[in-house]
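Shared between the two complexes below is subunit A, which has subunit B as its partner in the first and subunit C in the second.
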Partner chain A sequence: MRGTFSKILGKYALLATLIISYLFLYLPILHIGLGSFARNHTFPYPPRWTLDTFGRLFANSLYQTAFFNSLVLGLGAAALATLLAAAATLGLMRHAGRRAGLYLTLFVAPLFVAEVLIGIASLIFNGLVLELQGNLVSAILANAVHCFSYALLIMATQLYRYDWRLDDAAMVFGASPARTFFEVTLPLIWPGLLGAFVVTFIMAFNNLEISFYLLGATPTLPSVAWGALRYGVKPELYALATAVNLVVILGLGLMFVLMLTGTATFGHRPERERAV
Partner chain B sequence: MKGRWAGRALLGVPTAFLLGLFVLPLLSMVVLSFWRTENYHIVQDWNLGNYITLATGGAYVTFLIRSLVMASAVSLVCILIAWPVSYSIILYGGRYRLLLTLAFAVPFLTGEVLRVIALQGLLGPLGLINAMLMALGNAPLRFIMYTNVASAIGLIYLYLPIVVTVIYLSLLNFDARLIDAAKIFGASPLRAFVEVTWPLNLFGTLIGFALCFIPCLSATLAPRFLGGPNGTLYGMAMAQQFGESGTWALGAAMGVVLFLTSLIAVLLVGMRVNLRRTGFTGFGRG
Partner chain C sequence: MYITLDGVSRQYDSVWAVDRVTMGIGKSEFVSLLGPSGSGKTTLLRIIAGLEKPTTGRVLIDGEDVTDLPPHRRGVAMVFQEFLLFPHRTVFENLAFPLRMLKLPAAEITERVAWVVGILSLGGLEKRYPNQLSGGQQQRVALGRGLVGRPKALLLDEPLANLDRELRQEMEVEIRRHQSALGIPFIYVTHNQEEALSMSDRIAVVRKGRIEDFAARTDIYDRPKTAFIAQFVGRSNRFEGTVGAGGRSVATRCGTTLALPAPLDPARAVQLFIKNEKLRLAPADGTDASHGANRLACTVKDVILRGAYADYILAFGDRELNASRPRSERAFLSGEAVIAHLNPEDIDLYDTDGERPS
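And now, the complex of A and B:
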């Protein structure tokens, strides 16, 4: 009797922690989301609905330029990081041999260096050695360093169970390495590539701590938001955060639907799941 | 022969990329930390002045100690929350496991500035908690407005998602049949947890700890916008050297201190892990 009682207690304690954590994470987001659609934005209970804030946000030319720059930054860094990480993952699994540990240490090292340090170190390197002013390309490159490690981890979880005998089989039947890659490997690993691209794009798009030191006078959404935040929170910032949150939720929702319907697996292998 | 060239290119290009854009910048930061800045100009004059300033200027030592305490406390709290959360997702998540973990990733991916804005909406003088208290006729809570507690709550908010994700992945790859085996042989649930589940997931937990501790140690945004006058952390002071005060060399020295401190923390944590005991079997299909 006592056993079942403590079991039920444990279950409810676990579930309560889970629910409280979600509340903690999402209450601020919901609060400012509601605030950005309301005239009484600081305490929108009950809200008086309006779309003025979003209208002002989208009409502001600074935010438009910043959005475009962030888009370029995100796409550039994500494309570079995904390509390099794909090469690194394939290389690690197929060609590294005994040095795999060494390469892996180098490849995941950026995860263990704070973003702000990557930003500052790149600023010093650009300023002292290359004598470059702040520009978008340096920011793309520095973001790609940080995104590379995340992309590598995402792809490694996907490729961990990849069956290399398929490649060998294609080669045995006379396919060139290039043809094997495009007709066998790529079709099987694209969900990992796409997953890594989406995640690193979102990360670079929203990054401030690296980009801030390298952008010079180029505005991006996070840097404009940072500039505005120094003068206090404005309803436009609520609207901006809400818009970005909605896009991220849509993006991850799309990934989830793809996984649910089995179109793509993104490193998630249902057959690996076990009942606890 | 061809295969070997392909292998070299696949590993060589990313290695060159990281050496050029990650290792070299860090090295140039180390070099700069031994120079000095005078009136916004960098003087190539080898000296230890920056480090002497950092070691003897009382404020910098205070900032470092405060940062260390803050980062350790935040990482511990994050792990204490993340364990039951990821465990219950694994246990009760069923087919919605993935959705539940992705839901944790959403706030992580929306960028620090936007999350700090959301946090100000929660904790600030006009934020949700205080506005609610005042609407109910109570006095606002002072300890969550521009204090170290607010910074800590902010950092937990910022880095809880990554700790949950890491521990979740660790638990997902953990063979739960081992628990059943332990129980069949008469272990109580508590003992099975302490002797099987915990040690086998220790590696994941420590990675989660490191991935929370390192960014917290160098946090710049949360203390700036959520912390108060007594809330300056080391990373924030470092960022100021590259902005308002223009003393790059001192900032570089602070960067080196932060880098070394994180490295020591990772090594200390790493030494406690016996990879084989945690069930790590190597990378790839050896």
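And now, the complex of A and C:
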């Protein structure tokens, strides 16, 4: 009897921890979500429903420009970082030999520099050496620095499992190096590339600390939100946060459904190939 | 010669993985590269495939110097130990891969894949992915992918090492059959002497990057050129000793005297190998009078039943001897006293450096 009692107790303790963890994670988001649909947005309990906040958000052209700029910044930095990191990872795994550890350390070192410092350093470098004005290009370059380090780590964990001898097999059977890459290597490693791209996109899209110094007068969503704070937390900010969250949730939901129905598999994992 | 290796060497840092290898392989020959792991046999195979560049030396295939050609322009195919099927491609797509690279028309690709599916009995598996196949089926697909493009040569890198014994023996027969049907050279890397002996026309024994001997399989087994080959191919009893005063016998270190087939310089230090199956057994009571010239009084320590034959572990002084006898002969029991005897002609004799005395 004692055994079953402690088992039941353990089960409830686990359930409670689970619930508390999820509450911790999602209460702020739920609160903002509720606030964005409420007339009494600062304390929406109970909410007085309205869609005015969204109306004001979409009517404000500054937010639209900022969204578009953030999109360009995110896509640009992610593309640049993913491309460079893919080349760096391939180099590390195939050609670095015994110095791989040294190269890897240098590649991930930007992670240990405060983003504010990367921002200031990039501002000075881009201004003095590259003679770039404060604009999106300058911000993309600066964001790509720490995005590169993240992308490298994400890809390295994926590519670590890739069996490079598959490339040997492809070449022996008549595929040129380029053909080998597109026929064999890329189809097997693209989930790693995609993962790196998505994460670095989100990082650059949301970044304020680095972009702040390099954007000049170009508005992005984080910088506009930051600027708006000076005049108090306006309802538009609630709506903005909820809109972004909704997009993310819809994206994840779509991926989940696709995987559940088997429409998309998101890559072949070599470790599962050994099943038989 | 259809494939020629001319003074091929490969250096890694300060180690010569392949060291001045020169050999020629005929148009429809089955050649095995036999050696222990780390002997450089796989490196040699990868040099022929073009996956490694030789540090020095030249590789010729069908009269053409391919030393500087990348693997995809050499027209050879390979079967890997780990199969290395493309995991994101079905069996059909894996088999069609070499043909697509040859830019053959779709109809011919279908036809050729059907041919290879037929000869390897892969029917019904075309739509499966490699991870949905058993080890034996994966191995067949790997072999099929090697044969389907009708390559100039098929290189096999321990293709059977990951299969269980029964399947291995089945595949040995099959591989050999496809080789003679296609009439292209197969170069087969293995550390398994049984595989090498059962399939090859000729065997090259590789040791420390060098070819120790390259000869017909019967020569490799029956007349091993060096002590290393005698040790590595077949199973043998080894003795060390010194040639006696008359030059006709050897006093071994374990205290017995063995008669030699031919006289040698007295006082010469030598090593002797006697294959397990050359050691015959007779009861110690003398009821069997067919003893050879050399007799060793032993006690049966253990009997290991192998089916068609039995392995006897014999206590001889303070060492052990191994004898392998067919079951059709008289059986001995554990603890029984026996005479192990052998003909002087069955002794393989080498200097201490492993070469046959001149």
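Here, the second predicted complex is superposed on the first by the 223 of 276 C-alpha atoms of A that agree within 3 Å, B and C clash if a C-alpha of one lies under 4 Å from a C-alpha of the other, contacts with A are read in each partner's own complex, and residues count from 1 in each chain.
Definition applied: contacts are C-beta pairs under 8 Å (C-beta built on N, C-alpha and C of every residue); 3 or more make two chains touch, one makes a residue touch a chain.
Note that the coordinates shown come from a computational prediction; the quantities given were computed from them, not determined experimentally.
A.B. asks: Mind working out whether A:Val172 is in touch with subunit B, subunit C, both or neither, as first, second, both or neither?
C.D. replies: A:Val172 sits against subunit C, while subunit B stays out of touch.
A.B. asks: Is A:Ala151 touching anything from subunit B or subunit C once the two structures are fitted on A? First, second, both or neither.
C.D. replies: In the superposition, A:Ala151 touches no partner, neither subunit B nor subunit C.
A.B. asks: Could you say whether A:Ile29 touches subunit B, subunit C, both of them, or neither, answering first, second, both or neither?
C.D. replies: Only subunit B; A:Ile29 stays clear of subunit C.
A.B. asks: After superposition on the shared chain, which partner residues are touched by A:Leu193: those of subunit B (first), subunit C (second), both, or neither?
C.D. replies: In the superposed model, A:Leu193 contacts neither subunit B nor subunit C.
A.B. asks: Looking at the overlay, what does A:Val184 touch: subunit B (first), subunit C (second), both, or neither?
C.D. replies: second
A.B. asks: If you stack the two complexes on chain A, which partner ends up touching A:Leu104: first (subunit B), second (subunit C), both, or neither?
C.D. replies: Once the two structures are laid over each other on A, A:Leu104 reaches subunit B alone.
A.B. asks: By residue count, is subunit A touched more by subunit B or by subunit C?
C.D. replies: Between subunit B and subunit C, the winner on subunit A residue contacts is B.
A.B. asks: Touch check for A:Ala38: first (subunit B), second (subunit C), both, or neither?
C.D. replies: Neither partner.
A.B. asks: Of all the subunit A residues, which ones make contact with subunit B and with subunit C?
C.D. replies: Correct list for subunit A: 177, 268, 272-276.
A.B. asks: Which residues of subunit A touch subunit B in the complex?
C.D. replies: Its residues touching subunit B are 11, 13-15, 17-18, 21-22, 24-29, 31-32, 35, 42-43, 45, 84-85, 87-88, 90-96, 100-101, 103-104, 106-107, 109-118, 120-125, 127-129, 141-142, 144-145, 148, 156-157, 160, 164, 177, 199, 202-203, 205-209, 213, 222, 225-226, 229, 233, 237-238, 240-241, 244-245, 248-249, 252, 255-256, 259, 268, 272-276.
A.B. asks: Per the contact definition, I'd like the list of subunit C residues that touch subunit A in the complex.
C.D. replies: For subunit C paired with subunit A, touching residues are 49-51, 70-72, 76-78, 80, 82, 84, 86-88, 97-98, 101-102, 130-135, 138, 145, 149, 155.
A.B. asks: Could you pull out which subunit A residues touch subunit C in their complex?
C.D. replies: 163, 165-166, 168-177, 179, 183-184, 187-188, 268, 270, 272-276
A.B. asks: Sort out for me which residues of subunit B touch subunit A in the complex.
C.D. replies: 2-4, 6-11, 13-15, 17-18, 21-22, 24-26, 28-29, 32, 42, 81, 84-85, 87-92, 97-99, 102-107, 109-122, 124, 126-128, 131-132, 135, 157, 160-161, 164, 169, 172-173, 175-177, 179, 210-211, 214-215, 217-218, 220-221, 225, 235, 238-239, 242, 248, 251-252, 255, 258-259, 262-263, 266, 283-285
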